[in-house]
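Just below sit the structures, each encoded as structure tokens.
Two complexes are shown next, each including chain A; its partner changes from chain B in the first to chain C in the second.
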Partner chain A sequence: MAEANTGSTWFERLGALDRRVIFLLIALAVIIPLVVHYTTTIPASRIVLDLYEAVENLPSGSKVLISFDYGPSTAPENQPMATAFTRHCLEKGHKIYLIALWATGPRQSQQLIDEVIKVEFPDKVYGEDYIHLGYKAGNQGLINALLSDFNSMYTSDLAGEDIEGFPMMEGIGTLKDFDIILAIGSGFPGTKEWVQFAGDPGDIPVGGGTTAVMAPLLYPYYPKQMLGFLGGLQGAAEYEAALMNGYPKYRTMTRRASTTMGPQVTAHLVIVGFILIGNLTYLMERRKKRKY
Partner chain B sequence: MKRSIPLLITFLVGVALIVAMFIPHWPFDVLNQNFSVFYDIIAVFAFILGGGNLLKVHIRKVQRKGGDWKYSLVTIIGFFLVLGAGLLKIGVPGGWSGDYQATGSLFKYLYDSAFQPLQATMFSLLAFFVASASYRAFRAKTREATILLVAAFIILLRPTPLGYYLTFWLPEPLQFLHVPNLSTWILSVPNMAGQRAIMIGIALGIVSTSLRLILGIERSYLGSEGKG
Partner chain C sequence: MEDTPILASPLAQTISLWIAALLTLMIFSFLYKDNPAYKFAEHLFVGVSAAYWMTVGFWTTLIPNLMAKLFPSRMGTIFPVAVGNRAEYFYIVPLVFGILLLTRLYSRLAWLSRWAMAFIIGFAAGTNFTRYLQSDFVTQIHSTMIPLYEPTGNIMTAVGRIFSNLVVVIGVVCALIYFYFSKPHEGSFGKAARVGIWVLMAAFGASFGYTVMARVSLLTGRMSFLITWVQSIF
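For the complex of A and B:
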């Protein structure tokens, strides 16, 4: 580094900035907002509002299937989505069925039960208001099988109890018996597969959420094949904002997505700054080369 | 026989599934349902195959003391530790009748204390590399690169207060240039057009590959037996 800097102009030195400086600034951009509790509220966009309104307009007692197709790596983005959907569904009195196409999904849904359902909705009864069906192998093949026969694939819940003993499983024969599918995913199989193998062939309303990286891939399905979806942490924060407007009690409760949007916003600004500096130094270098 | 029977099975199953898609009535609907269940059963066996293959690769590496063999050793120990914790239900309240993921079990402890933070850490590192890469590579060197740069710039600014304050003052006729509106437009018009083109291309590719498989033209899935 020292050798490279000798005799070079300021923009050349800036252009060859040590990447450890970049890493340090990104770390600070994430840590400082977390320490000072910098949060940001983002108004819900149309794509998020459409999904919120679809859940809101379902009659109380509707059957909502929530699929956890992600693992701990993307939990900071996906878990707030699951929390927001669950809060909304249980506030409306819907019955929620938790399943997973990913082997890592059940731990995330169990976390949701322990930290959200049992804490915020202690009056909700397992087997009557919510049920944890766990993971099954098969990816899109599983969705295809569930579309024709749900109960032959899921004969018991996660704890091994026969599903026929749970009141909320009455009337469930195929995926078509659900009023809406909310698929939270971060890859394959995920939200896209729920649209292709359940929503389209079964004419079942599908919504959900994905990581920000995956979100652009879902736009072709909206609004005809998907009711709406949450794109990354921002989508989750937007759903939280919509939920806050509809249910004011959530203004004072933990809103994980809105809280963690603070570091994301500052990190984005730092990256924008780096892009600007990078291009400025590039233009200066090009100008210098043309000059000589 | 080694080639003919798999080719015949592929042909019959492929044709049956195509027919079931267009004629969703008996007996094809039952056939479709059964094939889905068969697929799920085979998928479960894939886990055994995958686990076996993982062990084979890493045990061989440790035996030969190949490059970074110590990481392979960690993989093998981790594999058996988690497998044993789940299968033997170590620390599960209620013993054999309890849930292997219950609070207090070794499996849950390993998942929460090792697997979860490690996965989250690996994914979080992306932020650092994205920042570094955007600084070095995101440069307006060509017209196409400039378009990409501007689009990325607007998308990055979207959730930030800066994105709002930069353009909120624009008069009504120019509100389409407001950063949140512009980013929505980028995602729902040019992005969607590109995505649709890619999806249609992939779908056509899948159709042609599937036809080649069903008709026995593509035989690479049979391994070395499929040659010739």
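For the complex of A and C:
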């Protein structure tokens, strides 16, 4: 732990600030807004609106493949995206097919079914409006295989029921039979691989959402190779805002991304403050060294 | 009285909530300094993750996509959907390759695993090469060839698009010039390379900003969970 040297200047003491003080302040910057329910509303940007409009403009009954390529470690960022996509698709009357390239994905899609579909859309029927197909190993090789033959890889749903018995599986032979792919990812394999191995070769519309860390890697694909995407929690909050405008009933419902954007704002202010302090102390120290 | 699955019972929910909360605190304890509680949580996470991936891979891929294809009539209660299907014996090939991968565990036979590895690497390299070439090279070049002026009804939109397109074109060209080392970075060429550095710095800055946002999002998620845990106590 750094010690405050007697006789050292204030900027030297500030420059040697214990990192644990910074951790504590960041923690407080996150906890206090959560406790006092400080939220912010973020208007949807063009890149999010384009994806929203693509889903909105699909005719009712369209087939939407949602891939859960993430796990609990990034659920705070990715799960609100899945919730927003599912709400939108089911409001429009689309059929949603839930799959995963990650072994941890099915747990997240099951959570979505239990907490969103069964609660908010009790009239939707499993096998007719939505289906849970689960995880298959193979990474981008799996996408490649699905592009030529979907049913040879997915012979049953997650519970082991023959997929041929589900009405919504009629007409599904390859990935090209889906009207849109929404890939929610947090790494490899994920959204990028869906663009490379399904969207581009199969000419299938691809959109989705990624963790903020992955977002800069996807910007080059927009707008030619991707309809749009949600970059991190902010992207999810923007999609929630678009959904709220299109479907006012969601103004009073839980919007997880929007509610956790408040701590984002305060934490970023603290970080910006420390960046300014760090630069200021550096400049002051340099000035002092030049002086003597 | 309706039977409740043991893992869905209130007691089980409470115990799992406490385990998750305590493990979260153990991981956070590293922020103060390295300690045995953190080490325990870290090792537990690695072990559980490995076991989870192996188990899920076995039941969702090996059973339905391999064993059920080879021995459909013997699947019985494990995978009843397959019972009655015809056996597809060409799946013996992936089975053999899979077994060859396991020979790495025995030093005398480890060399056999190279055949399976060669197949995996060859397939991945061939597939990835074509896909990366199309999506990340050819199409990306095409995406940079954009009109500098796009007529639209709104003048502000038109100005905005011209500016955006100029940023894309100039940014790509200058960044590429920075990485061209066969000519000294002098004169106008050097100035363009200098602009390229600024473009790269802006990209790195945006990437760093996004990373910070991601980490704060995850912290918010955990803190939100811990608040729920504390509320459950009182």
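Following the convention adopted for this analysis, the second predicted complex is superposed on the first by the 288 of 292 C-alpha atoms of A that agree within 3 Å, B and C clash if a C-alpha of one lies under 4 Å from a C-alpha of the other, contacts with A are read in each partner's own complex, and residues count from 1 in each chain.
Criterion: contacts are C-beta pairs under 8 Å (C-beta built on N, C-alpha and C of every residue); 3 or more make two chains touch, one makes a residue touch a chain.
Being a predicted model, the structure only gives us computed values, none of them experimental.
Peer 1: Which of the two partners, first being chain B and second being chain C, lies in contact with A:200: first, second, both, or neither?
Peer 2: Only chain C; A:200 stays clear of chain B.
Peer 1: Where does A:30 make contact in the superposed view: on chain B (first), on chain C (second), on both, or on neither?
Peer 2: After superposition on chain A, A:30 lies in contact with both partners, chain B and chain C.
Peer 1: For A:159, select first, second, both or neither according to whether it touches chain B, chain C, the two together, or no partner.
Peer 2: first
Peer 1: Figure out whether A:74 sits in contact with chain B (first) or chain C (second), or with both, or with neither.
Peer 2: Both partners.
Peer 1: Between chain B and chain C, whom does A:271 touch in the aligned arrangement: first, second, both, or neither?
Peer 2: After superposing on A, A:271 lies in contact with both chain B and chain C.
Peer 1: Looking at A:290, would you say it contacts chain B, chain C, both, or neither? Reply first, second, both or neither.
Peer 2: Once the two structures are laid over each other on A, A:290 reaches no partner at all.
Peer 1: Based on the A-chain superposition described above, do chain B and chain C contact any of the same residues on chain A, and if so which?
Peer 2: Chain A residues touching both partners: 23, 26-27, 30, 73-76, 106, 136-138, 141, 144, 153, 158, 160, 215-216, 220, 234, 264, 267-268, 271.
Peer 1: Please give the residue numbers of chain C that touch chain A in the complex, ascending.
Peer 2: So the residues of chain C touching chain A come out as 31-32, 52-53, 56-57, 60-61, 64-65, 68, 79-82, 123-124, 127-128, 131-132, 134-136, 139-140, 142-143, 203, 206-207, 210-214, 216-224, 227.
Peer 1: Can you list the residues on chain A that touch chain B in the complex?
Peer 2: 17, 19, 22-23, 25-27, 30, 40, 42, 45-46, 71-76, 106-107, 110, 136-139, 141-142, 144-145, 148-149, 152-153, 158-160, 215-217, 219-220, 222, 234, 237, 261, 264-265, 267-272, 274-275, 277-279, 282-283
Peer 1: Under the definition above, what is the set of chain A residues touching chain C in their complex?
Peer 2: Those in contact with chain C are residues 20, 23, 26-27, 30-31, 34-35, 73-77, 103-104, 106, 134-138, 140-141, 144, 153, 155-156, 158, 160-162, 195-197, 200-201, 211-213, 215-216, 220-221, 224-225, 231-234, 260, 263-264, 267-268, 271.
Peer 1: Residue numbers of chain B touching chain A in their complex, please.
Peer 2: Where chain B meets chain A, its residues are 29, 32-33, 36-37, 39-40, 43-44, 46-47, 99, 101, 111, 115-117, 119-120, 122-123, 127-128, 130-132, 134-136, 138-141, 149, 152-153, 156-162, 180, 184, 187-188, 191-192, 195-196, 199.
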